[in-house]
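The data blocks that follow each hold one structure.
In the two complexes that follow, chain A is the common piece, with chain B as its partner first and chain C second.
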Partner chain A sequence: MSGNHVIRYGGRLLVYALTIWFVASFNFFLIRFMPGDPLEHLVGEEDYLYLTTAHPEVLAELETAYGLDGSLFQQYRTYLFHLARGDLGQSYKNGVPVLTLILQRLARTFRLILPAVVLAGALGIVLGAAAGWKAGSRLDRWISGISLVIYSIPGYCLGMLGLMIFCFWLGWAPTGGISSGGLTGAAYAKDALWHMALPAGVLTLSKLSYNIPLMRSGVLEAREADYTLTARAKGVRSAQILFCHVLPNAAVPMIAVYTMQLGLIVSGSMMLERLFNWDGMGLLVYKAINGNDYPVLQGSLLVLTVCVVLSNLLSDVLCALFDPRIRDGVWDEG
Partner chain B sequence: MLKLESVSVSFPTAGGVIQPVDKVSLEVEKGGRHVLIGETGSGKSVLLTSLLGLSGGEITGHIFWKNRELAGLPETEYAKIRGREIAYIPQNGAGSLNPLMKIGRQIGEPLQVHRGASRKEALAAAVEALRELDFQSPEYWARQYPHRLSGGMRQRVLVAMGTIAGGELLLADEPTKGLDTDRREEVARRFRQFPGTALLCVTHDLEFARAVGERISVLYAGQIVETAPAAAFFDAPLHPYAKSMIRSLPEHGFQSAKGFAPSHRDYGGLGCRFAERCPEAGDACGKSPPLLQFGERQVRCWYAAGSE
Partner chain C sequence: MKLWKRFFGLALCIALMVSLAACGSPSEEGGASPDASPEESQTPPDAASVSGSEVELLNVGCIYEFDVESPYCDLIKYLSYDSFMYANLVRYDANNEVVPCLCERYEIAEDGTAVTFYFKDGIRWHDGEPLTMEDIEFSLNLWLNVLKPSVALRYMKDVEVLDETSIRVNMQSSCAYVFLRHMIMSSAGCVIYPKHIWEGVEDLKSFTGKEAMIGCGPYVYESYDSEAKIAYFNRFEDYHEGAPSVKRIAFHLYESPESVVMAYKNREIDCMFQYAAGLAGVYVPALQGLDGLDIGEEVNLGSPILEFNFKDTLTQDLELRKAVYSALDYELLAAANGGEYCVPGGRGVISPGNIGYAEDLPANCQDVEEAKRLLDAAGYTDQNGDGFRENRDGAEMRIMVSPAYSASKGTLYQRLAEVVVRDLQNVGLNAYLDENVSNSDAWKARFSQNKDFQIAITSCSQGVAIIDTVNQGLVEKAGSDGTLTWNGTNDTPEYVEIFSKIIDSKNPEEYAAAADESQRYLAEEMVAISLGVESMFYPYNIADYTDWSFRSGNGAFSYDTWFTLKIK
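Coming up: the complex of A and B.
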């Protein structure tokens, strides 16, 4: 690891840290610079009007509780200080610490997302590679055609279709929720899987339809690349060309996009969670918006930012591990 | 050894079939060095990859390799010939080496494929090959990835890769592309010295062609317009296009032919393809000239006899 590396990776990390800091500050200032008293946004217009006339002392209490007293600088310092300790405040609705709430929902969301992402990744690589390697064949036309059809259907539509077919017509799947409750052990696991199958399946399909063309174009490009011609001219057999020369090169853009997807998917599955009543991160944000629960909304925004940043970091690390050019910070100079 | 009889290569495109290589006939003898001169788009690279069955185009005519027909050979049979009997040195560009594979492994790959060498043996041979091509500390370079190489080094790596399995015929695509003068001379020297290996090299570098070639063919718009022994050719080319090329050399004052070669789509016409740019064009040029034999030379020009 040379000095160059230290500077490049250090710079990257700094950018990520700045991003998180920027979003945190945005959260802080947004509420304070909106017209009107910040408390009005926190407690809602009606409650605010009621409290100003009937119980001003309650408002003062709330002001302290939400760190809205003192100068702006003092408030900002306290805010950052609390953040550093992982204190994101309490939900306005039920007083539960925001972090606790978010971590619980995040775990549920991951339970839905991880299997979908892993499955969509693995299948996407295999099917996309097959389509790209045999581009123009009947196999390619089927794979690409179906994936294009799925790709053009929005995720929530796909979810509604799934519900209609597997829940209402066939009666195979539950209408929603995470589990039936009151079960333990193997029965619980089975029940959880039963609940998970449809939403995770829908998510897998929609991510798959994104991964297939991505992998396909990567393989197609690598297949036609000069270095592949070089390898063929050496007499290397087809299977080896595919596994040693084409797939590794096609994998680089795939890894980059695939890992970056991870961060976005956490926030992007809101529609699906709402549809299947899956009480995860998406539904938390949805409810916080509807219920004017600002602390939860702000906390969620921050945590989602951290998720995106972390997945970008993961993408950087994996790409650098995989591609020596990225390690050296150079690309083709022609 | 290698004999092309009226080889054409065609590709279907959205705008109709194009034929970048049109009825090319030539012969490379055992140990002989044949240089094909042509400008970009003349069809010379397609011709080379077609000889390896890798251009993807449809081939008509005959390609005889040691009296065996290569055109239409099944892929598995072809793969056994590639890299072992007929080796290929691709055009020297940043994309010609796999960016994710270490250089040593790429050089040694033909040995693994054709000789059943282990990875270790292949790597050791690759290091030796790099040493022979004047790499300082070849062990170090064998462990590097291609992006760290300079253009000149990459050229030598491509040569090492093409020659490691000891082919009988070497096809080289513009081996001096992007190299400065010193390196070009070095490559020319090297290409004259492959023992017992025949060479078919395409280039637009006339100096290089003169330094390396025993026989010269000139390709224009997909057709061979002149084939001659190198000395006679550079002494006095017969085809007007070849003449204009020689005149374009620095010592002759950079006088190149006016205009540009026709594009693949415009090959269809009946007349001589060079007529439009030709200072010697006459009435006969409305009809496509055949390759006319003049002793050891062949020229595709109605008026060649007069200029000899």
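Coming up: the complex of A and C.
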């Protein structure tokens, strides 16, 4: 690795570290400007109203107990101090360590979204490549048309449609949840797959409809490129042109898309998790926002930021591996 | 080409493996008992069940969280209002009247400054230990000294153990009866704790686990399956009032009312438990056609209200308040509140179904001409011809209508406030919507701290309505010793005296009489206006079960149901 590479990648790592710090700080201040008082959720609406009027000193005691009494800057300093020690704090609502909550929910979100991203990725490449390679054909019109229709439907609407069709009309899917409970082994696996099928299917469709046009346009562009024309002129077989020349070039932008999708897995899918009663990261964040649970919200957003930054890093590395122009900095250096 | 074939093959293998790995592992919580199969938990009792026999498993839907095994868990907190797992000293009966629960009987001192609870011998905790008076004393002292003064605890002074089966709670003033009404629905954590478990616990909130779930109510905690989101409870065979007829209860936790409706449609649940918040009328059409399901209509004992500020010179004027009353379109307000399942409220503000409800008072009714006449007669006329009335001295008159900030009901208050503004403008009052209360801090400052609103659109919750009536939120100070501060703005001596009668009542009769008197005062003096009486729905399964019992405003999943429910 040359000195230039060291400087470039070192600089990039520094940018990532600064990004994490900046976003963590931004999150800290942003959520404190949200309307609502966490104490209202802690003591209940009626007691809160009563204490505000009759016993404000009790609310002040509670503020101290939850570290909400100091100035914003003091709170920020404490937050960074704890963060440096890897302490994300405890949920205001139930006193459970934030890290424990996040890890538990993360596993569930992974279970829902990872298969969806992988399936949507694989199918997106296949169907997008087919549509792009046979651009203008009936196959292309069908694939592009259907993906456009699905793309234009928001994920939660697709979820509601799925529930209506597969849950109520056909009775094939459960109304929600991760499992039915009380099962182990093969019965549990079968039951979990049954619960996962509809939400994961909806997510797969949703992401697939985004991936297909992207891959299609990449293939279309590569198909018209000079190197493809040269290959054709040399008499190379169509399939060989597709797999050896077109797909490798069209795949580079897809790598960035997939790695970014992986990074966003952590945030879960708030609306879909709520719709399907799937207790993952999306629901955790949703409830933390509603309950002004600052530690959970800060922790979740921080983990999300770190994952997005890491996936960005992964994207850079993979793109550099696949594309020598990026590896050699040709694109970066103009 | 080979490379890409491998790539695709590898990608598909990874997808398959991830799916299988994710779904193939058993639940790490392993909370549910082996006999809690989904088939069992989602189907009604089998055909072999004998008619009239006890219920093996009741599936209950609710929109709560079960995040910790402790009295601070949302689900447990609200179940404690009905003495489910942690029994309370007293509970509400079908009409929300106070009856003994953990205690055998109670006696209120003649002057109302103390209440003595008497207990039977042989009451046991779920772990088999006997309940002692020290447990009660320990718990009430925890409420007083550690849990801080919530609305309920403000009444208590101290606790005295009299002997091995009785204990006395002394009050700050003569409010022992209302204390009983209040203590049933206290804050999270206000339960009767087993001293032998909780004595050494420093941080009540952080103490969780099976031990923290030991109570002496009719149901014993079994497990929570966090993936299935089902909490299981078994009946307590040694419960001092006898074992319930429902042997096992599974609470299915959902995220939204829509999910609950879906669960009803899929026959996953037999009834629902949601404190003071059944399903809204909009869900009724989706449930009405279902066989074997009664939609379980209940009147919401609380209601949205329009509250006048008695610190404001303009809204202090009775004639203006009466004109506002006559100007409002109550049919539209009711429709905006709950569609066809909401009707105009009564002039006495308190909703039907509450103790002491004055049936003879008329329902609210719009009379625009009367409103204009009242305003003209009071000297509020349009002097500069701009279409709006001026103050008596000719100065510009504006009326600010402030909708309460609420995460759950904010949009409703906003909607109601818009109708009120429109109706007031129709009679020439220059009303406008307060746009500065769009967050809780601003609302808190306006309504509770500065008290600088004129007309507030807020509500009386069902809990407050049951405990000590809507007046709690309207009066400023009351109570026999005059030290109790309330949330309202009205300190008119006559009104303070009436509310003092409510909180100083010694028995149900006195309470009902005082509630009745307060409604006549509210109707006459227009302290506040009810903006509608809404129906809530707690559907329940009548195909498989019979002998459901109900608690007013809370539906079929009641304390009594646990003991009366039978297989049909």
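Here is the rule we go by: the second predicted complex is superposed on the first by the 275 of 334 C-alpha atoms of A that agree within 3 Å, B and C clash if a C-alpha of one lies under 4 Å from a C-alpha of the other, contacts with A are read in each partner's own complex, and residues count from 1 in each chain.
In this text, a residue touches a chain if its C-beta (ideal position, glycine included) is under 8 Å from a C-beta of that chain, and two chains touch if they have at least 3 such contacts.
Nothing here was measured: the structure is a model prediction, and the numbers come from that model.
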Exercise for the section: Could you look at A:T175 and tell me whether it touches chain B, chain C, both or neither (first, second, both, neither)? Expected result: second
Exercise for the section: Report for A:K234: first if it touches chain B alone, second if chain C alone, otherwise both or neither. Expected result: first
Exercise for the section: Considering only touches as defined above, state whether A:D226 meets chain B (first), chain C (second), both or neither. Expected result: first
Practice task
Quick one: classify A:C244 as touching chain B (first), chain C (second), both or neither.
Solution key: both
Exercise for the section: Please work out whether A:A17 is in contact with chain B alone, chain C alone, both, or neither, and reply first, second, both or neither. Expected result: neither
Practice task
Applying the touch criterion given at the start, work out whether A:V149 contacts chain B, chain C, both or neither, answering first, second, both or neither.
Solution key: neither
Practice task
Could you say whether A:V6 touches chain B, chain C, both of them, or neither, answering first, second, both or neither?
Solution key: neither
Exercise for the section: Return first, second, both or neither, reflecting whether A:R325 touches chain B, chain C, both chains, or no partner chain. Expected result: first
Practice task
Specify the partner with more touching residues on chain A, choosing between chain B and chain C.
Solution key: C
Practice task
Residue by residue on chain A, keep only those touching chain B in one complex and chain C in the other, then list them.
Solution key: 240, 244
Exercise for the section: State the interface residues of chain A toward chain B in the complex, per the touch definition above. Expected result: 225-227, 229-238, 240, 244-245, 248-249, 252, 322-325, 328, 330, 332-334
Handout entry: Footprint of chain A on chain B - complex, ascending
Key = 49, 52, 54, 75, 79-84, 87-88, 90-91, 93-101, 109-110, 113-114, 145, 147-148, 158, 161, 165
Fill in the blank from the handout: Per the touch rule, the chain C residues reaching chain A in their complex are 1, 4, 8, 11-12, 14-15, 18-20, 22-27, 30-38, 40-42, 65, 67-68, 70, 72-73, 148-151, 154, 187-188, 203, 205-206, 208, 225-230, 254-256, 259, 262-263, 265-266, 268, 405-407, 438-441, 444, 448-449, 461, 463-464, 484-487
Practice task
Please name which positions on chain A make contact with chain C in the complex.
Solution key: 35-37, 40, 43-47, 49-55, 58, 61-62, 91, 93-96, 104, 108, 110-111, 114-115, 118-119, 121-122, 125-126, 163, 167-168, 174-185, 188-189, 191-193, 196, 239-240, 243-244, 247, 274, 277, 279, 283, 287, 290
